[in-house]
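Both complexes below contain chain A, partnered by chain B and then by chain C.
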Partner chain A sequence: MDRAGIRQLIIDWLDDNHHFGDAEDLITSDDISWIEHGILKSLAFVELILFLEDNCHVALPRAELTRENFDGMNKILRKLEESGARLG
Partner chain B sequence: MATLFHEPDAETISTSSMTAFTKHCENATVRRFPTWAALHSWSVEPTGRFWSELLAWSGALYEGNAEPVVQGAGVEAAQYFPGVRLSYTENLLAGGEPNAVAITACDETGRAEQLTWAQLSHRVSELAAGLRALGVEPGHRVVAVVRNAADSIVACLAATGLGATWSATAPDMGAGAILSRFEQLEPQWLVVHDQQRYGGQLVGLAPLITEVTAALPSLRAVITLGPTAIEGPSTRCYTAQDLVAMGIQGADDLLAGMWPRFAFDHPLFILFSSGTTGAPKCIVHGAGGTLLQHIKEHRLHTGLTPRDTLYFHTTTGWMMWNWLVSALAGGTHIVVYDGSVSSPTPDALVHLLAREGVTVFGTSPVYLQFLELSGVRPQEAADLSRLRLLLSTGAVLYPRHFDFVREHIGPLPVHSISGGTDIIGCFVLGNPNLPVYLGESPCVGLGFDVRVIVDGELRPAGVGELVCCAPFISRPVSFYGDPGRQRFHDAYFAENPGVWTHGDFIELTDRGTARILGRSDGILNIKGVRIGPAEIYTALHDVDEIRDAMALSAEDPKALGGRRLVLLVVPSGGDLERKAIWKIKRTLKERCSVNHVPERVICVADLPTTHSGKRSERAAQDTLDGRPVRNRDALRNPACLEAILTAYRSA
Partner chain C sequence: MSIHQVELWFFLPVMLVLYWLGAGRRLWQNGVLLVGGWLFYWTWNPTLLWVIVAATVLDYAIGRFIGTEGRPESHRKAALALSVIYNLGQLCWFKYIGWFTGSFNDLMTALGFEVSAPILKIALPLGISYFTFGKLAYAIEVYYRRSPVCESLLNFATWVAFFPQLVAGPIVRPRQMIPQIEVGRRPTAKMFAGGAQAFLLGFILKAYVADWLGPNIVDPIMSAPTDYSAAMHWLAVVGYGLQIFGDFAGYSLMAIGLGRLFGVELPENFNFPFLSKSMMEFWRRWHITLNTWLFDYLYGPLTLSRGWWRGRLDLGFLVVFALCGLWHGAAWGFMLWGVLHGVALVVERRWGEYYKTLCRKDRVWVKRRKTRVYAFVAWALAQSWFIVTLIPFRIHDVGNIAGYVQGMFVSAGSAVPPGLESLRELQHFAVILLFLVVYHLTQTRLGGWAWGRFQAAPAPIRGVAYGLVLVYLFIYVPLSAGTFVYANF
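Entry: the complex of A and B
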């Protein structure tokens, strides 16, 4: 998986839809919780997941869409990697 | 071919309030209503007898003469019960047994507060006495920026109990959008909360309140529904507790339930609706029309009783909040919730439904879609065995949503209801006596003579523009600040003279069921939230990078709610840089709300404009939706529509 490419894809999505150029500054560490830091709310997580499924050629099992799996950059990248995500 | 989704059993029908009311009407009129169609047809007869029978059957408290029922001819001019005086507050406070629970208020941390009817009456009475001591009088405008909490309902009932008019917005709206509404009302009083918890975060509202207060010179005081008065505004500030102390000496009449009664059409609520041009409309709804419309919808169409617990997901700024509060009049226990539906966990709201024993759950297609996509299976997550009915509004409810309810919530009837701010109620509703068909609303509401206009012809069935051809009781009394009623006329009666044109596309079937198909008037519905393009244009007027803009929506099955917000922009020069698009989005988020942020910003060279120089959202929207453009001949630049479609598809 092109981890850096997918990370940038996520940053771009955050910038285009929620933070308008501030996403990289808000994500002070790839380990922080996005919910606790106000980076993304649950409804928006669902939209991000749909976007990633479309753009990373992956289907994420709905039962795994939990906060433990997706609340943070590293968690999202890890789950995508396990699921065989790829760009292009 | 319609697919049957749910059929009521014989016991449900025989014991329903709809059946009891039908028998009452048969006895009172010495007529027979053997079918739903017969009852409905009688309910829209010009005599208005349906409404006088509902007034009598419901036990609503009033004084005066209920004759004539209606005076004045036609939808635009008819006035109901000119000889009746009543109090909305009195009727709501008299709804239940003193020791029964009236309101349960919850937030993201759990149950915050619970009030019995006796406690609610006491709280409303003592606050009203304080407001009266402060100087609140009939006809005053009380505006509010408040959370969906119990004390917001107390304040609303206290203010309207004195004859003042209540208008509220939720605290998530930007100061610009709040002021575009409140400035028009020249309000005397502002009621606020000083903080809000959303998505796990506590947000202070003082800066917002200070900005709003500073721009409302008509204000005499700010009242905070919290322990301490808000700091910052130059206007006098009180807490609700201050007011209770001020009013305690003169509260005896109100504490004894002696509420002043006002004319049937006395202004009760002012709701706001933003369109494609101008400032938001300030829609004045009368006390009697609101009360009877809601009694009809709650007790007859929804079958609510004192045994029910009703939760409808809303904020204080949406008319469904007013609708929810009115359910108190029938003795129904209501639950209000302040916060995110998915905080701290995606199934948070499902657990609330189970914990509070909700029997009737009002939601939206967006929430059902969210549950589906986030993997939440409500029936597995919590015990929803008390739930007997699901209501949905705010967007089109597709068959897949019905299927989701059956598979993952329970074998419930699903009522897709729709109407809106303009009528503070619903044109299409459920009915406990009727079957539910997949993707359809079971019926048109009693008292609404709804038809469709197809190719310029008025028809009882078909697909077309939704119109109402006979007077109805919750038609707005007026628009505030529109003394000649011209804006009111233009909004509903100019397009199809003599009938109310609502701005929705509808399909009415030969079986009497309905499907709402979306807006027909340029107003947008994104994630179940109604967005007026005019607010977007106002917010963007000083963004130098763009010369013109047009807000539309585009269908997308993957979007929450099924549609995405699209902004067409004509750049000031060349293409728009990404940073300029971010600037547009940030501006809309700050000045309006997060709901006003377009998902896609698309550069075009020209926007459709009529020969008389008006821009036509309708033409562009028809183009995006793949419909024939209704007003193509009226456009001076129809070729731009193809360019818009090309730009949209390639974006």
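Entry: the complex of A and C
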């Protein structure tokens, strides 16, 4: 999996939809919780997962689609890696 | 018996003494909680105790079945379906059967058929909407292997029948409570102080705020609106918003406080919803445990499914909030209320999409969204929508709803509700409003600082302050206070 490429894709999505250029600054660490730091509101997780499945050519397991599993960059990348995500 | 009535002051001390006599001993403590919970349930309606007992045993057995390693997937799925059908079937039978048959009769009459199905009058089991959703969450979580199976029937039954949350929630997920009661609990001073403080605050919101606003402002106006002026119509709706906040947030805090007295931390259910600047934010602050339940088990699975529903976010809002309305009660008014909230979320989402296009073109729009003017307008719109949509929530008959809305603009009545009749009542009203304002000011920087200073003050000072509040409450609050609005849901 192209980890750096997918990370940038997620940052671009955050910028394009929520933070308009500020996303990289808000994510001070890939380990921080996005809910706690106000980076993503709970309802936007559905939009994020739809985006990831469509753009990373992956079908994330239904059982793992919880906010906790996608609450932070490293958590998202880990789940994508486990599911065989790819770019392009 | 309910958790704000006089009977509790006899029940609670006995429970606490028995419970803490076995400090650190799980079997004893859970046994006391279970017997107490079922006794609490029995006092509400002795003939319906079987409802919670049967549902508990069935879901415990289903959980064990689903969670067993090596079980064929088709068997697990069938067991999950059984749990869903039983739980929702039970809810429909007790809560909606009368409404279904009544609506069917109305429809047949409207179509010109002479059909009249008998309408059953069935007593609603206490807290059925709350423990049903809790148990459904358990079955789903175990099915997806997100939560471990609860091996002990005693622990499982204790979670379902934990009496502080029986009347009106919060909806407690298995992973929020079961791990806490799988070990013995030992008392700490902090636990008791935190519990007493939450209970007292909840009691003020319920017995002082909600139970005064109902009979003195809201009920008189809403039961005979044509007697009152347009301004009084508005006052009653705003008063109702404050009343149900006091009622439900108050109950939730009392439940959290009681939970702490037994060493159990229940989830937060309200987070200052009157500070919300959008309806999405409102639903992250109001009845949080229901909102997150609907999001996790309905909205998310629906809109992320592989089929037709995938990505239909707006339709998902409408459906989920229509069901959210129905969850509150079997009436078209509740459903209308839910749909109106769904519509608000759709409009907000669409507005958000449009605003994104502006932000992409020019970053000045990002800055504008952070200004005080934008925040104030957004806050006013969200709060106004919440207040106005309470009309169908409170008045279920569609014809009366239209009449009430008309009265908000044109009404020749001149009556005055009891809450505004005398100087003493006016003072009472003013103190309630002041309390609510101060309560919300604790969320500002200055208010938070002041509250933090109070919390850090020596115990005797805090004790005197709490004592004065209690004396005031004993003087002014009738201990025969009414039931909880949300207990009927």
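Miscellaneous remarks
The rule is simple: the second predicted complex is superposed on the first by the 88 of 88 C-alpha atoms of A that agree within 3 Å, B and C clash if a C-alpha of one lies under 4 Å from a C-alpha of the other, contacts with A are read in each partner's own complex, and residues count from 1 in each chain.
The definition used in the following text is that a residue touches a chain if its C-beta (ideal position, glycine included) is under 8 Å from a C-beta of that chain, and two chains touch if they have at least 3 such contacts.
The shown structure was predicted, so the numbers you read here are calculated from the model rather than taken from an experiment.
With both structures placed on the common chain, the touch criterion links A:Asn74 to neither chain B nor chain C. Judged by the touch definition given at the top, the superposed model places A:Glu36 against chain B, while chain C stays out of reach. Looking at the shared chain after the overlay, A:Gln8 reaches neither chain B nor chain C.
Applying the stated contact rule after C-alpha superposition, one finds that A:Ile49 touches each of chain B and chain C. Legend: residue contacts after superposition of the two complexes on their common chain; A:Phe20 is shown touching both chain B and chain C. More residues of chain A lie in touch with B than with the remaining chain of the pair chain B and chain C. Overlaid on A, the two complexes show chain B and chain C touching the same residues of chain A, namely 16-17, 20-21, 41-43, 45-47, 49-50, 62-63, 65-67.
On the side of chain B, the complex with chain A involves touching residues 199-201, 340-343, 345-346, 370, 372-375, 558, 560, 579, 581-583, 585-586, 589, 597, 599.
In the complex of the two chains, the chain A residues touching chain C come out as 16-17, 20-22, 41-43, 45-47, 49-50, 59, 62-63, 65-67.
Per the touch definition, chain C reaches chain A in the complex via residues 144-146, 280, 284, 292, 295-296, 299-301, 303-304, 306, 310-311, 313, 356, 359-360, 363, 366. By the touch criterion given at the top, residues 15-17, 20-21, 35-36, 38, 41-43, 45-47, 49-50, 54, 61-67 of chain A touch chain B in their complex.
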